[in-house]
Each structure stands twice: as structure tokens, then as C-alpha cells.
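Shared between the two complexes below is chain A, which has chain B as its partner in the first and chain C in the second.
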Partner chain A sequence: MNSRHAAWGIGLAALIALPFVYRDPYHLHILVLILIWSFAYTAWSIMGRFGLVSLGHGGFMGVGAYITALLWNHLGVSPWIGIPVSMVAAGILALIVAYPCFRFRITGHYFVLVTLALSGIVLQVITATRDYTGGSLGYTPNRAPSGHGLMALQFDDKTTWYLIALAVWVLGLLIWRWVDRSMSRYAMEAISEDEDAAAAAGVNVTAEKLKITLISALMTALAGALYCQYQMFISPDTVSGIAVSLQMVFAVIVGGLYVSLGPTVGAVITILLAEVLRIGFGTKAVGWDNLVYGVLLVIFIIFLPKGILGSVLDRLKTQPKPSGSK
Partner chain B sequence: MLTVEGLVKRFGGFTAVNNVSFRVEQGEILGLIGPNGSGKSTIFNMLSGTLIPTAGSILFDGAEIAGKAPHRIINSGIGRTFQIPRPFHRLTIFENVALAGYYGQGSHSRARADEAAERALAMVGLPTNRHAGVDGLGAAGLKKLELAKALATGPKLLLADESLGGLDEHEMDQAADMLRKIRDELGITIIWVEHIMGVLMRVVDRVMVLDHGEKISEGLPSAVASDPRVIEVYLGTDADSSQAAAAEARRRAGV
Partner chain C sequence: MQAFLDIFDIYLLEAVVNGILLGGVLALLALGLNLIFGVIDVTWICYAELVMIGMYGMYYMVQVFGLPYWVAAPFAILLVAALGAALHYIVIAPLLTAPPINQLLATGGVLFILQSFATVAFGIDFRNLGIRLPVLAIGEMHFSYSRLLAFIAALLGMLAVYFFMTRTYTGTAIRAISQDRQIMSLMGVDTKRIYLITSALGGALAGLAACLLVLQYDVHPFVGLSFGPITFLICVLGGLGNFVGGFIAAFVFAEIISLGGLFSDLEWGYVLAFAFFIVMMFIRPAGLLARRS
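Moving on, here comes the complex of A and B:
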């Protein structure tokens, strides 16, 4: 146990030190993206691991990003306030969609379809209100006057963003771990197997599901807002809609749904894949990443349902001492 | 402690439970018997909140619980098992029971949950180690787990649904003794639904017989076992075999 804590400590220290010794801006940029998306994927997996497969998380991400940016541009509200407001909005949206689903036992495929509609609706709202949101052309938060970067949560410096993203990513892992060790995990595992039996054990099924959905939605909105602040440009394609939702599902399944670092592994793979395709094939490969995602997703669900990290950890567990064999 | 008045459950045009009333006194074991489809499980599901009654009232400790959410009923002091054990395979045996101890008592205290789990597992005779998985349990073990889960919720009234299906004779006797022990040592009132009449008759204080959703007989095991209506609907009309079965039931009931 102690060696495990030590490994985490050393790993974290190395990650914190990284931008001070290695300053290639492109690579730091990729790392920041990986950390932000890892956080978003972790948020998705917090409910996804219990069979609550949501295709609505692109919606939560869009709400986080757009509300933060709109409040800043139109009302001059600092993202320090705008981000919590956007998270609350995403939370309310999550409750409005999820409560009827859970109360009336809409589960499995039907739940997926309802959440899919949520993604679609948020996307439609963003495009329909193009006078404010810029529609499908995208949206840029106004640049803060110089000297007000902290108040506007705008930093030109990649190192600052890297450290912010790292902190949020660690926060995501801590929340994952907290849920994993709480009684809520037992309750959610039970609910995902048999709702009636869980209720007979005294579990308030609707409340437990809402709680986990709410945590997940709040985190996802935070990821969207951070992405917006970092990129200083958002569009329905990059932070909202069904494609983003599918990308989350894909990344988490590839990385590993049931282990804390699974979503992070998924983010590394998806983002590197997208970059390789972009650099290797340029504009000829636009949309290829989605095609490759789709094919890989099918392959993973069939052959590696626990994802890359989950399968590797399983392999290590079943063969603890390779030196002792033969 | 439990007063049921005019309980009705209809599924569309089919009446599964028709105007059933009964009382359960503190500390007794009430046997609930009847052929397949007579409405026993439907009554249980209404008592535990899994089904909402079409009509009627269920007073538990003086409070109306008909139509309340299952977790509220469990928290008010009713525990239940399912006819077919429904363990949570992704949790260990201990976690299965600790879950019920945590949420079922409404206290949401981890220490109390673990304590309740240990007590319940010891009571039913399952190992209290924390790592054993559910998949190693056989039919008898799964029934015990089902019972341990119900006990961990700290019930005043236990609804035991056909605890003996799928067990051999020795295991059946053990399970019947277990229910009696739960009543004697923990002071828990029990309603026991069962197909197998013989073992049940030996343990219960009173029996209620259902047929086609209606109560057809109620009373002491000896009286019910010789009630001609019960013999007819429950044991069949074939004279020889029903006489033999009734005699067997009386013998086991110690009459």
C-alpha cells in the first residue's frame, strides 16, 4: 500500500516538474488537451461504469463552455463566477433529464436514447441562438485587457495552463477514488444489477442514481468551461453535440471503464490518434478519426471489454510472479 | 404489529389478490401457503413496496405503508427475501450484506453497517471474511445470503419468501430451524411464504392459506391441515394422495 502511495507521489511530482524542464509548446499543448479531456472522460466514467451510459455528456460540456463564455462576453462576469454558474446550470439540466428517467425506470438502451436527445437539443440550441453563440461558426471569449488575465482566467503561458489542467485532472481522480471507496459504489453496483433487490436492501434507487449523475454532469461542465478558457475558441463540434459524447464513450471503453486511470489512457490514445491522423494525412483525413474510433470501438467491445488498462492490470494480477514460473 | 385490510391487486383484468385481510401479532411466525399463482408473492411485493396495491390498507406499527417507496418501507423496519435469491454478483458476500446494513437501517453509518453485516452473517452461518465472492455459493448458501441481507436491514418484521425451494430435506430442516431461531433470539416477527407445507407446519404459529388470490383458511397449523377446503385446493382432489399428504402434514405438525 505504501509503495503504491509512493509511486503516485513520485509520478505526480514528476508531472508537476515537467513544464519547468521541458518547454516545447506543442507538446505541452497536447498534454494540456490530454489532461482536460482525461478529466472529462473520468467524469463520464463515474456514471458510465455503473451501466448508466450517457450520450448526453457533450451537452453538459457545451453548457459549461458556452455559459461561461457568454456570461463573460455579454455581462462581463468573471469565469471564476461563470464557471460555477455554468456547472449549476448543467447540474439542473442533468436533474431535469435524469429524474423522470430514474423515477420511471427508463434504463438501458432507452436511457441512452434519452441522453442522446439531450446532446442533440443542446447542439440545436447553440446553433439556433447564433446571434449570441455564433452558431456553428464557433465562439471566442473576449480577450481580457492586459493585467487582468487572472480575473478573466486567461493565460498566454502554457505552463500555467498545464498546471491548472494537472490540478483538475488530479481532482477528477480523487473524486473517482472517493466514489469508488464510498458506499455509493456498492449501491450503484447493486442498482446496475437489480434495482428491486437494491431497493429491498434499503437503497433509495432514484436518489443514488441522481447523485452519481449530478457529480458526473458537474465535472463535465467544468471540463467544458476549462476547455473554452484554454482554447479561447469553442464551437458546437468541439465541445458539444453527439460527436463529443461518442468520443467520450469511445475513449473510456478503450482506456478502461473500471479503473481510475482508464479514462486517462483513453484520452492519451484518442488525442494522439487524432494528432497523428491530422499531421500524417492533413486535410485529406478530416473525419477519419471518427471512422477509426468506430472500428476500434467495435473491436474493443468484442475483444477487450475492460479496456487497455483494465486488461493489462488483470493480466498483472493473474501472473504476479513471472520469475517463479517454469 | 401488521394489520392488512381489504388488500387488492389487479393486473389489467386479472385479479391476483382479492380483498385479503389479516393481522400479524408481535413475535409470531405466520405461514402463508397456497398453490402456484395464488397471490402469495404478490402480497409480499405489496408489503415490501415493490408493487403498489390497487386498493386496501397496510398498517405497520400503526402507520400506513401501502404504496410507499420500497426503501422507505425497508427503513421503517420490514426486511424481505426474494423467492429466487438475488445476490449482487459484483460485490463480495460481505459487501452484499454490509450494503443492506448501511442503507437498510437508515443510519448510513459504515461502522454500524459492518457490525450488522457481521452479526447477520454469523446468524445465518456464512463466513464473515471480507473477500469471499458470491459465485462460490451453492443454492443453500445463496438462500442464507438472502436471509443475511434481510436481517442486516434490522427488521422488526421479516418477509421470508419461499426460503426452501431447491434445497434437500436436511437443508430444509436447517432453514426452518433458522427462521425459528431468528424469531426466538432476535425477537423478529416473521411471515413465511412457502410451497412445502410439511416443514412450514412444524415451525409456524399460525397458517393462512390462499387460493386464486383469496384467503380460504386461517388458523393453527393442525386445524388448517385438516380443513377440507385446504386439502381440496392445496393438496389436490385426488382422494388417496391428498389424504396421504394431509396425514403427512399432520404428522410433521406434531398433531
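Moving on, here comes the complex of A and C:
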């Protein structure tokens, strides 16, 4: 146990120290993107690992990004207030959709398709209110006057963003771990096996599912808002809709659904793949990254449903382990 | 005031009729998806992308190779049918015993593949057949012939499927499998073959839809996203695997989109339709026609 904690501590210290030693802006940019998306994927996996496959997370992300940006541009509300507001909005949206879903036992395919409708709604509303949101052309938060960067949560400095993203990513892992250690995990695993049996055993099925969904939606909205603040440009295609939802599912499945660092591994693989293809092929690469994603996704689901990290860890576990380690 | 009402009514009627015409094609798409779901118990998330490939097929045969529309259409249908069978053989067959979610996600991967394949192979430009059918004017209402043609062809296609399912041995076997999966293999029906035929049939319906949609819409790699989600929602609203429910739900949805679009932008029509879907899920979770248990 101790060696494990030490490894985490050293790894984290190395990650914190990194931007002070190494300052290549492009590489830091990639790292920030990886951290933000890892956080979003972790948020998805908190639900997904219990069989609650949601394609609505693109919607939550869109709500987080757009409400934060709209409050800032139209009402001048600082993202420090705007982000919590957008998270609350995403949470309410999640509850409105999820409560009846769970109450009426909408599971499996049906749950996937209801959440698909949710991300469809968010995408269409963003496109339809193009007078305010810029529609499919995208939207840019107004630049804060110089000296007010902190208030507007806008920093030109990559190092600051890296540290923010790192903190949020660690927060995501802590939440994942907290859920993993809590009673909720046992309740949710029982529910995903057999809802009726779980209910008979005294599990409040609806409440447990709602709790997990709410946590996941709040985290996803935060990821959307951070992405918006970092990139300073959002469009319905990049933060909302079905494509984004599928992208989350894909990355998590590739990395590993049932291990804490799985979504992170998925984010590293997908983002590096996209960047390598973009640099290697230039503008000709349009479409190629998704083609490779798609093929990988199908291959993974058929041959490695536990994902890369999950399979590697399984391989390690089956080998004789030294005494004392967990 | 009277004049205002007259105009209003004509637009309303036009929207209602256009909704019915749109409903025909949506019902065709929903039938294909329902067939796959009812028989194989798999949701093809990439169904609309098959339609997109079919539309490109039509575009290339008509615009590039210069075939007449009526000659190209059967080829396009065959092409998508083969694609459907291949999809089943390569992706679904190895996953038949996997959890349903994995099957759904694998077809999600195929969605990525088809979309990006189209982007890579055909580029992101909007293409069309260059065929402009005339517009039918009744009184002050205007309907395009392409929509009427699509509606009629969709109905004929559905009728053909109906006769196939009720009058042939294979059709009967398909219906029997959708009722009891285990027993039918004991009764000497080759389930693998039936699954393959069903997938090809589902593909053929997507191909037919492609031939009809390509008359009305420009084709581009992401065109599937504009009617794919709607098709799933229709199937779920009608009850997955319930053919009649899907048929009715298609027209309900088409009317909501058409009428919603009349009073505001088309996007709001979609928003209304999606919201209606979510509300209906809570009122009738097992589909419009489901009996309360």
C-alpha cells in the first residue's frame, strides 16, 4: 500500500514540477488538452462503469461551456460565478431527464437513446439560438481588459492553465476513487447486475443512480466550461452533440472503463493520435483520425473490452504477486 | 382579419401535408432499424450513415458515370444491402453474446468509420444529383414532386417488406426468430443465415431511403447526423422492434417537426420533437402502442 501511495506522490510531484522545467508551449498545450479531456472522460466513466451508458454527456459539456461564455459576454458575469451556475444548470438538466428515467426503469438501449435525445436537444437549441450563441459558426468569450485576467479566468500563460487543468484532473481522480471506495459502488454494482434483486436487498435504486448521474453531469459541465475558458472558442461540434458523446465513450473504452487511470490513458491515446496524424498528413488528415478511431473502437470492443490499461492490469494481476501488496 | 386567417390556414395545411410526406421516408428508415432490432436484438447506431453511403453511391452513378436515375437506384439498394450484410458479418456476429451496450458502441465505431471514410474519400463538399423535379401547385400550396415520389416509394417499399414477411418461408422464419430466439434454432432454422438475410434487408431499406433522400437533400459526410438521431427516437417512441408503432411514431414526429418549423425555425421543430420524445418516454416508456403491464 505504501509503495503505491509513494508512486502516486512522486508522479504527481513530477507533473507539478514539469512546466517549471520544460516550457515548450506546443507540448504544454497538448498536455492541457489531455488533462481537460481526461477529466471529462473520467466524469463519463463514473457512470459508464456501472452500465449507465450515456450519450447525453455532450449535452452537459455544451451546457457548461455555453452558459459560462454567455453569462460572461452578455451579462458580464465572471466565470468564477458563471462556472458554478453552468454546473448547476447541467445538474438540473441531468435530474430532469434522469429522475423519470430511473423512476420508470428505463435501462439499456432505452437509456442510451433517451440520453441521445438529450444531447440532440442541446445541440439544436445552441444552433437555433444563433443570435446569441453564434450557432454552428461557434462562439468566442470576450477578452478581458488587461489586468483583469484572474477575474475573467483568462490566462495567456500556458503554465497557469497547465496547473489548473492538473488540479482539476487530480480532483476527478479523487472523485473516481471516492466513488470506488464508497458504499455507492457496491449498490451500483448490484443495480447493474439486477435492479429488482438490488431493490429487494434494500438498495434505493433510484437515489443511488441519481447520485452517480449528478456527480458525472456536474463534472462534465466543469470540463466543458474549462475547455471554453482555455480554448477561448467553442462551437456546437467541439463541445456538444452526439459526436462529442461518442468521442467520450470511445476514449474511455480504449483506455479502460473499470480502472481509475483508464480514461486518462484513453485521452492520451486519442489526442496524441489526432495530433500525430494532423502533423504527419497536414490538412489531408481531415477525417483520417476519426477513421483510425472508429476502426480501433470496433477492434477494442470485439477483442479487448476492458481497454488497454484494464487488460494490462489484468495481465499483471494474474502473475504471482509479492506478499503485502494489494 | 379574414384574409389573414385564409393565408394562415393554407400554410398550416401545407405544413401538415409536408409532414405526412416527410413521415413516409422516416417510417421507411424506422422500419429498417426496427427489423434489425426485432430480429437480431441489436441497435445499429450507424444506420443513417449507411444511408449516407447509399446517397454517395447514387451521386457517383448518376453524376459521374452518367447512369439514369432509375438504373442507378437498384444498384444503390444492392450496394447498401451488401454493406448491411458485411456490417453484420464483420462487427455484429462476433459480438452476438457480448453485452448489448458493447454491440451498440461497436456500431458507434462503425459510424465514425463510415463518416470519416466519406470525408477522406469524397471530401466535405455538398453534392447533389442535379436533378430538380418540378413543384406541384394545388391552389396556393406547393409540394415538391421529389417528396411525393419519396412518400409513395417508401409506402411501396414497406408494403413489399410486409408481403415478404408474411408470404414467404424466409419472412416467416424472420418473424418467428423475433419471437423466440432459442427455439427457432432447435426447429431447424439456420439462425446465422436468417440474421444475415435480415441485415441485408435492413441495408436494402436504408438503400431505398438513400435513393429517395438524395432527391431532396445534398449529400455530405455528416448528412447522417441530420436524420439518424430522429430515426432512433422514432423507433424507441414506437417501441423498439414494434413495426406498427414505429410507423405511427414516424408520422407523429414528422408532423411535430413540420408544424414546429412552421411557427419558428426548423431547429425549434427538432427541439420540440426531442422534448416530446423525452416526455413520452416517461408516459409510455415501452412505446406508443405498448399495453400497460
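Going forward, the second predicted complex is superposed on the first by the 319 of 326 C-alpha atoms of A that agree within 3 Å, B and C clash if a C-alpha of one lies under 4 Å from a C-alpha of the other, contacts with A are read in each partner's own complex, and residues count from 1 in each chain.
Basically, a residue touches a chain if its C-beta (ideal position, glycine included) is under 8 Å from a C-beta of that chain, and two chains touch if they have at least 3 such contacts.
This is a predicted model, so every value here is computed, not measured.
Participant: If you count the residues of chain A that each partner touches, which comes out higher, chain B or chain C?
Facilitator: Between chain B and chain C, the winner on chain A residue contacts is C.
Participant: Tell me which partner A:F233 touches in the superposition: chain B (first), chain C (second), both or neither.
Facilitator: It touches nothing on chain B or chain C.
Participant: With the two complexes superposed on chain A, say which partner A:F155 touches: chain B (first), chain C (second), both, or neither.
Facilitator: neither
Participant: In the superposed arrangement, does A:G202 touch chain B (first), chain C (second), both or neither?
Facilitator: first
Participant: What is the contact status of A:V125 with respect to chain B (first) and chain C (second): first, second, both, or neither?
Facilitator: second
Participant: Once the shared chain is lined up, is A:P100 touching chain B (first), chain C (second), both, or neither of them?
Facilitator: second
Participant: So in the superposed three-chain picture, is A:V114 touching just chain B, just chain C, both, or none of them (first/second/both/neither)?
Facilitator: Only chain C; A:V114 stays clear of chain B.
Participant: Report for A:M183: first if it touches chain B alone, second if chain C alone, otherwise both or neither.
Facilitator: A:M183: touches chain B, not chain C.
Participant: Of all the chain A residues, which ones make contact with chain B and with chain C?
Facilitator: Dual-contact residues (chain A): none.
Participant: Residue numbers of chain A touching chain B in their complex, please.
Facilitator: It is residues 183, 186-187, 189-190, 192-194, 196-205 of chain A that touch chain B.
Participant: Residues of chain C touching chain A in their complex?
Facilitator: The contact residues of chain C facing chain A are 43, 91, 94-95, 98-102, 104-106, 108-120, 124, 221, 225, 229, 232-233, 236, 240, 264-265, 267-268, 270-271, 274-275, 277-278, 281-282, 285.
Participant: Which stretch or stretches of chain B touch chain A in the complex?
Facilitator: 48-50, 69-71, 74-75, 80, 82, 86-91, 95-96, 98-100, 102-106, 108, 110, 113, 149-150, 153
Participant: Which residues of chain A touch chain C in the complex?
Facilitator: So the residues of chain A touching chain C come out as 51, 53, 97, 100-101, 103-106, 108-110, 112-114, 116-118, 120-121, 124-125, 127-128, 241-243, 246, 249-250, 253, 286-291, 293-298, 301-302, 305.
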